[in-house]
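Dropping a structure here in structure tokens format, bear with me for questions.
For reference, chains read A, B, C, D and E in written order, and residue numbers begin at 1 within each chain.
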Amino acid sequence: MARIGVFICWCGENISRHVDVEKLAEQCAHLPGVRCCLTYKYMCSEPGQNLIREKIREERLNGMVVASCSPHMHLKTFRKAAEAEGLNPYLVEMANIREHCSWVHHDVKAATAKAADLIRMAVAKVRRNHALSPIRVPLTKRALVIGGGVAGIQAALDIADAGHEVVLVEREPSIGGKMAGLSETFPTLDCSQCILTPRMVEVGQHPNIRLYTYSDVEAVEGYVGNFSVTIRKRARYVDISKCTGCGACWNACPNKKTPSEFDFGMGKRSAIYVPFPQAVPARPVIDANACTMLTKGKCGLCAKKCAAGAINFKDQDELITEKVGAIVVATGYKLWDIGKEQENAKLAGYGEYGYGTYKDVINSLQFERLVSASGPTGGELRRPSDGAVPKTVVFISCVGSRDNAKGMSYCSKICCMYNAKHTMLYKHKVHDGQAHVFYMDIRAGGKNYDEFVRRAIEQDGAQYHRGRVSKITEENGKLIVRGVDTLAGEPVTIEADLVVLATAMRPADGVETLAQKLNVGYDEYGFLSESHPKLRPVETNAAGVFVCGACQGPKDIPESVAQASAAAGKVQVMFSREEITREPEIASIDERMCAACFTCVRACPYNAIERAEIRDRAGRLIKRTARVNPGLCMGCGTCVAVCPSKSAELEGFTEQQVYAMVESLG
Amino acid sequence: MTKQLHKVCRELLESGKVQVIIGYGQKDRGQPPHPVFITSPEEVEGLVWNDQCVANLTTYLTRKEIRALGKPAIIVKGCDARAIVVLQRESQIDRSAMVVIGMACNGVGEPRLAKCAACDAHVPAHVDITIGEAVSEPVDPERRYNDLNVFMTQSTDERMDYWQDELERCVRCYACRQVCPLCYCERCVADKNRPVRFSTAPTLKGNYAWHITRAFHLAGRCIGCDECTRACPAGINLRLLNLSVARAAENAFGYRAGLDPEAEPVIGSFSTQDKESFIK
Amino acid sequence: MSTIIGGQVLRDMVNDWIGDGKRVGGPGYVGNHLILYRWLHRSDELLLESYPRPHNSIKEFLFPSHEKLYHYKIDGQHIELSEAVLPDAQQIIFAARPCDAASLPILDHVFNWDYRDVFYNRRRSLTTVVTLACQDHDAHCFCTSVGGGPDDERGSDAMLFALGQDQYEVRCFTDKGKALFEGKLEESTRVGKVGPGPERRLDLETVREFLKTDFESPLWERQTLRCIGCGACAYNCPTCHCFDITDEKVGSAGVRMRSWDSCQMAMFTVHASGHNPRSRQPQRQRQRIYHKFEIYPSKFGEILCTGCGNCSRVCPVGLGITPVLTAIQEEQAARAGTGAAQEAGREKVDQ
Amino acid sequence: MVMNIYKPDLMKVLQVRQQTGDVKSVRIAFEDPARAAEFSFRVGQFGIFSAFGYGESTFNICSSSNWKDYIEFCFRKTGAVTEALWQIEEGDTIGFRGPYGNSYPMEEWEGRDLIFLGGGIAMPPIRCAIWYALENRDKYGHITVVYGARTTRDLVFQDELDEWAQHERTTIIRCVDPGGETPDWKGEIGFVPNVLKKAAIQARNAVALVIGPPIMIKNTLPVLSDMGLAERDIYTSLENRMKCGVGKCGRCNCGPVYVCKEGPVFSLEQMKHLPNDF
Amino acid sequence: MTHKQPHPDPDMTTFEPKIVAYVCNWCTYLGADLAGTNRLEYPPNVRIIRLPCTGRIDFNLIVKAFETGADAVLVSGCHPGDCHYTSGNYHARRRWTLFRELLDTLGIEMDRIHFTWISAAEGRKWQQVITEITEKTRQMGPYLAYKRICRVS
């Protein structure tokens, strides 16, 4: 195109502080094909965009370069502005002179020279861009939600209430996630079961929600709007359509010794069990390793006792394929198991706290189970070692969090709040008990959060010590907690009956493999990468895949629920249209030039290229060629690089455009 | 062996199994044998076989002028035969629609070509008919890439100077491309101008980019028949470049081109376990 | 009376020429068995004996494989052109073969008819050609069949004739030649040896008759099937002069470059519409022979071939011109069939 | 100054008109007034146009030789150079060298009826001859123009076709291939040869210029000979690939001629001596 | 014959190396963005060319970068396993393993070509890589050998 407009943004002073924007504008006016070149303080603002649209009309521009921030930030904004003025959006390119220039180079002369180069490259590229129109792709208006915790439940309910079918897949035998295991929740101390169970029941009975519990996502194929998800429904050995939930089987089961995962090992359960009373579906599942009938073929009492004949020892895993248009990942978190042995070398664990060796050193979720009414001790706080009521309890914050040396460097955000909650629960249960909390900083930034912590300290007499605990040893039934109180300026030694560690919040197990199946990025800790931390927190770089809740980063229940509704909102936006429009920047093959070596067919990660034949009207084979399926191609461009004769081309990054960019640096 | 060859070829033509024999002829004793296309049984006497039959005839299998002659029988040495395996893997030829006559060979060329010193394919593989006997024992990579290893003992600057002298003589006659059985593209990237990826004029800059492109397009494909080195009128030792990419494929992925028709080609496929030590 | 010169004197002269800035081109070793014409740095790179002829031609010194035609600079909408720097150093081609030197007068025609090619003419005027008469030849040489010979004087300014023991007879034909050997020659009666030259196998008259009538003959297809379509024959031929004009751009400046091209390349004649009149290789081989033995002679009166044999010497598949012309001759002889025509045909060959 | 025959003149782009979806016509003038003054050409000649950074391409000069202040050329976007030329705007600079090749023998055609047959993108080489003939109207007899294209959108210089129709003793016939017409198409429907036959022009002492794809020329010849034209009265312009334009680079060599020197305009009689190698 | 006496060495202090970086859009480009948002300063010698994936980065582009005067070339993309297109970087890894051997044989200075994996979270690593390459290239000086090859206009 030969009528190019270059618009240079000051970005307030983010750019203009280190890039001489006026001198830059002068230089760029001489670039071949540039018709107008101007600067403005906030190009992405309303007046900024109006200035652009005015120039498009006035100068009859057929190409545009905006020199401002990263394309990931505002490319869509400027493309929309151009489109509103009749200029094809794909004739708009951006030069990143903020993140890649003014923010990182403080020598004005060098930064301005670099900005000029970046603009010259962008102009060279845009002159060879083609006017493109989005590709229209049919849409399956069904959603898949992975993870049945509070976030997954909320997302599923929102989407289902909007009238779309939802497939909810939960790994555990029942939905409810970590929240189901809590006793009360901060800052209102309302009972976790009471506020969650109605939503779980709603999920169980919702006509639009198809619930797969005790199931995993095996494989995901296809692309936005047309995913084909294979779900592995693990063998439950109980036919939930027949079972009435009467409980005869789990009462009859002789093996009551298996440690209950739901109680994090604090309590025991039988081989055939329902994780907790309010489970949805309230149907038992047989633990294949614990059931002697399945392992050694002896017993089968539960089957005898079952009036409905719902138990079937021959049950097999089942693979089910579901067609969905969008996927919401809500796989939640787990607390870091901080014993000595760790899965990778960098994490050294906290052997010095004796977790795993001293029975009375437990983590916060285990404490939640002990004080929970549906817990193993029926709500009475009893020490796991001897069942005595602990008179002195020590809560330790930041165990493994905010620790670059041997733990996670991030703050797990909710520990300060639930530690305060735990001191209150402890006070209400053991009136003459004394709670101690070791902390570094109290982080209570939510609504009524700080007031809640003040109440724990002032009314419930919790003793807060600002300092870290160095070591915990066990001497004659007492846990000697040695720490320091930096405000008092002297070491502190407490003889405690029970120690509760607020360990780091980490993503649930297996989230990396799931992310790879979904082509979603994740960071070094395994938290899923959102598309943009501020502007697109619930979207991911894989079109049609959304994230919410703790799988994306440590957060509390209100935030998880808010994110779940946000993700559901995004899905509903997608489903509001009859079809999906896809980015047209996909590959195509010049079938006259293709030598049919099919290297591209092998290389394509999406199997989007097929072997085709060109025949004349009489059906005689003229030649073979490779052919791209526009619906599947995601535009990675690997086929272009492996094609020897360069018959493959990728719109948006064509060979002419990329070579023009490199050559403009000459 | 020549008589045996004549007998086999006459039978093939008379039986109508093939319409053309792609072989070597030598009309005028003074000049080395050259490719011939025998279409009638009487002409079979024109076929010769001696240690001067250096050309790799498989380059004709992808030519439209030769395909027009009908179903071919082709005479190949051990090194040439490997090109058929690669062409088959890249779906350029229909292996079932040709008869491959493999000639046992103990080295060709006067003086003996460099490739024959480390040849482990004296008896051609994956052929339909084999004529003559020879013993081919495996050659360890050390010896196979000896020429390259010797060359690589020079320093980077010495090598750069060497190639600047060599590639300056290249006049871009593209004999190296036209003679190579694996250069079968409809229109070579060198002949495309949207965009011009490297200069088509024989400037040193254009020659460097051209020979890099040609050699890299043979990565994991070059069978080492060295026709390009023989055909180059400027006497550029292209063998070193081919050995370089061949050795790289063998060291990194244990892959040698043209040995196993089922093997997954190197370029275009990958393994998550590929080892490398240069990516920081 | 003849004039002779010692080999060492010659070598010193070559070093002197190089010393005072003249460019000297001559045959020299490339690798350990290939001999090519190259610009020389020192006279000991020169190779005078024991080989028929180099594999390339002296065309390289007058019509190089690539040369700059003019420069341009782009600034916004404005463009500046500037002339390419033409060479001004004297050039001496030393120890060329007569069949190379003979190509220069032939090329003068095409580069000077109607429009004058300043680049070729400039190099031509700066060049002095000293040829070395052939002692022997190989199976590819056929200069005698196209009007040449081991001591053909066409295009040479001076010619050396080997006398043995590193002594040469020198005959100067032009003022340039005389000027070059000014004061270096000694009087003598000895006359240099000349090789017999290849036995005349081709008769161009019969060939031209065939060409006049048999454009569509199946002979073309039969004889040239093995041609793989590279440019080796054209680029090493002393008389092939086709070229391409391309654009070399770096940043906002660039140069228009002329570089060798060949009618053997598949894309040589492709139309903008995609139609290619010569889409098959036999058609391109036919064009090369027509242009050399029918078209150029009818337009400029000179056969565009000096019989050096490079085309078959470098051809990877042993083709080149001689096999095709021999086949044409056999076809004509066969077509003449019985009786006098055949007699006459053979007799003409024996001259 | 040593004459570098390959160096182009710099030309200022005066006007760019988009004729069809992929065809543009460009009006250019010499930047150097001296060259502008001394420059002249004859209709039918071609020039070689430079897009600096991409290369050169050959196009006919489609403006009449009588227009002194600019020359015009027309091109379709097919390759690298034409893609670069597609982007030029008023005020840009491109290169031009020429004029090259022979021309239409307008002097010989004086006093005779003129029949111009054009197909597709072939209108520009004919347009210059038509304007020249109309500017010397009295020297020529009846002028007939039959111009066809695949669809109505492919017709080039449509405005000028109307203008030509105003002139006396001039018949302009436009046609599109069957299926290429639009509902409000007033012209003929069919291929040029059939339309010509249908028009049944009585050609007294006529001369024809036929330019278009090879298939159109092949089918038009019998129609013209039925109308009584001898082979020496039928002319065409060959579309060979050209590079130097000065008879050196060998690209346009076809049989005994260099098309860029002895052509591109040939009578059918002359074409008889050429092998079918074009 | 290119007369190969090298250019007189420009004095080292004023030499500013020119570095061309081909980066993948999903990881390294965002890593560079992150370095920006964290204001991690690094030398301004690098010019980033954004491509959808390392799988799209053609070997010719490295040669073309040197042809246009680059003194060092960086190719960077997602860590194996993180590729937004699942396997683009695996193809790239295999391609560079072979291509480096060819360039080494041709005498190209291998420590002027750098390959790295930089994820969207590694802003600091981007800063370190660019600073390191710039310093190293500054010490090596301009790539005279390739500039000599490219002396055209």
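Following the convention adopted for this analysis, a contact is a pair of C-beta atoms (placed from the backbone, for glycine too) under 8 Å apart; a residue touches a chain by one contact, two chains touch by 3 or more.
Remember, predicted model here, so these are calculated numbers, not experimental data.
Participant: Could you run down the chains that neighbour subunit C and subunit E together?
Facilitator: Touching subunit C and subunit E alike, sorted by label: A, B.
Participant: Which one of the chains is closest to the middle, using the mean of its C-alpha atoms?
Facilitator: If one averages C-alpha positions chain by chain, the most central is E.
Participant: Among the chains, which has its CA centre at the largest distance from subunit B's?
Facilitator: A
Participant: By mean C-alpha coordinates, which chain is most distant from subunit E?
Facilitator: Of all the other chains, the one whose centre lies farthest from subunit E is D.
Participant: How many Å are there between the centre of subunit B and the centre of subunit D, using C-alpha atoms for each centre?
Facilitator: Chain centres of subunit B and subunit D, defined by C-alpha means, are spaced 49 Å apart.
Participant: Roughly how far is subunit B from subunit C, centre to centre by C-alpha average, rounded to an integer in Å?
Facilitator: 31
Participant: If you average the CA atoms of subunit C and of subunit D, how far apart do the two points sit, in angstrom?
Facilitator: 39
Participant: By residue number and range, which residues of subunit B touch two or more other chains?
Facilitator: 187, 194-197, 199, 203, 267-268
Participant: What are the residues of subunit A that contact at least two other chains?
Facilitator: Residue numbers touching two or more other chains: 603, 642, 655, 659, 663, 665-666.
Participant: Name the residues of subunit E that each touch 2 or more other chains.
Facilitator: Each of 1, 59, 64, 67-69, 81, 87, 91, 95, 150, 152 in subunit E touches at least two other chains.
Participant: Okay, what are all the chain pairs that touch?
Facilitator: The set of touching chain pairs is A-B, A-C, A-D, A-E, B-C, B-D, B-E, C-D, C-E.
Participant: Can you name the residues of subunit C that touch subunit E in the complex?
Facilitator: 38-39, 41, 68, 71, 248, 250-251, 253-255, 257
Participant: Over in the complex, which subunit A residues touch subunit D? Could you list them?
Facilitator: Result: residues 1-3, 33, 127 of subunit A touch subunit D.
Participant: Looking at the complex, which residues from subunit E come into contact with subunit B?
Facilitator: Touch list, subunit E to subunit B: 1-2, 4, 59-60, 63-64, 67, 80-81, 87, 90-91, 93-110, 114-117, 129, 145, 148-150, 152.
Participant: Which residues, counting only subunit B, touch subunit D once they are in their complex?
Facilitator: Residues in contact with subunit D: 193-196.
Participant: Could you please specify the touching residues of subunit A with respect to subunit B in the complex?
Facilitator: 592-600, 602-603, 611, 624, 642, 644-647, 655-656, 659-660
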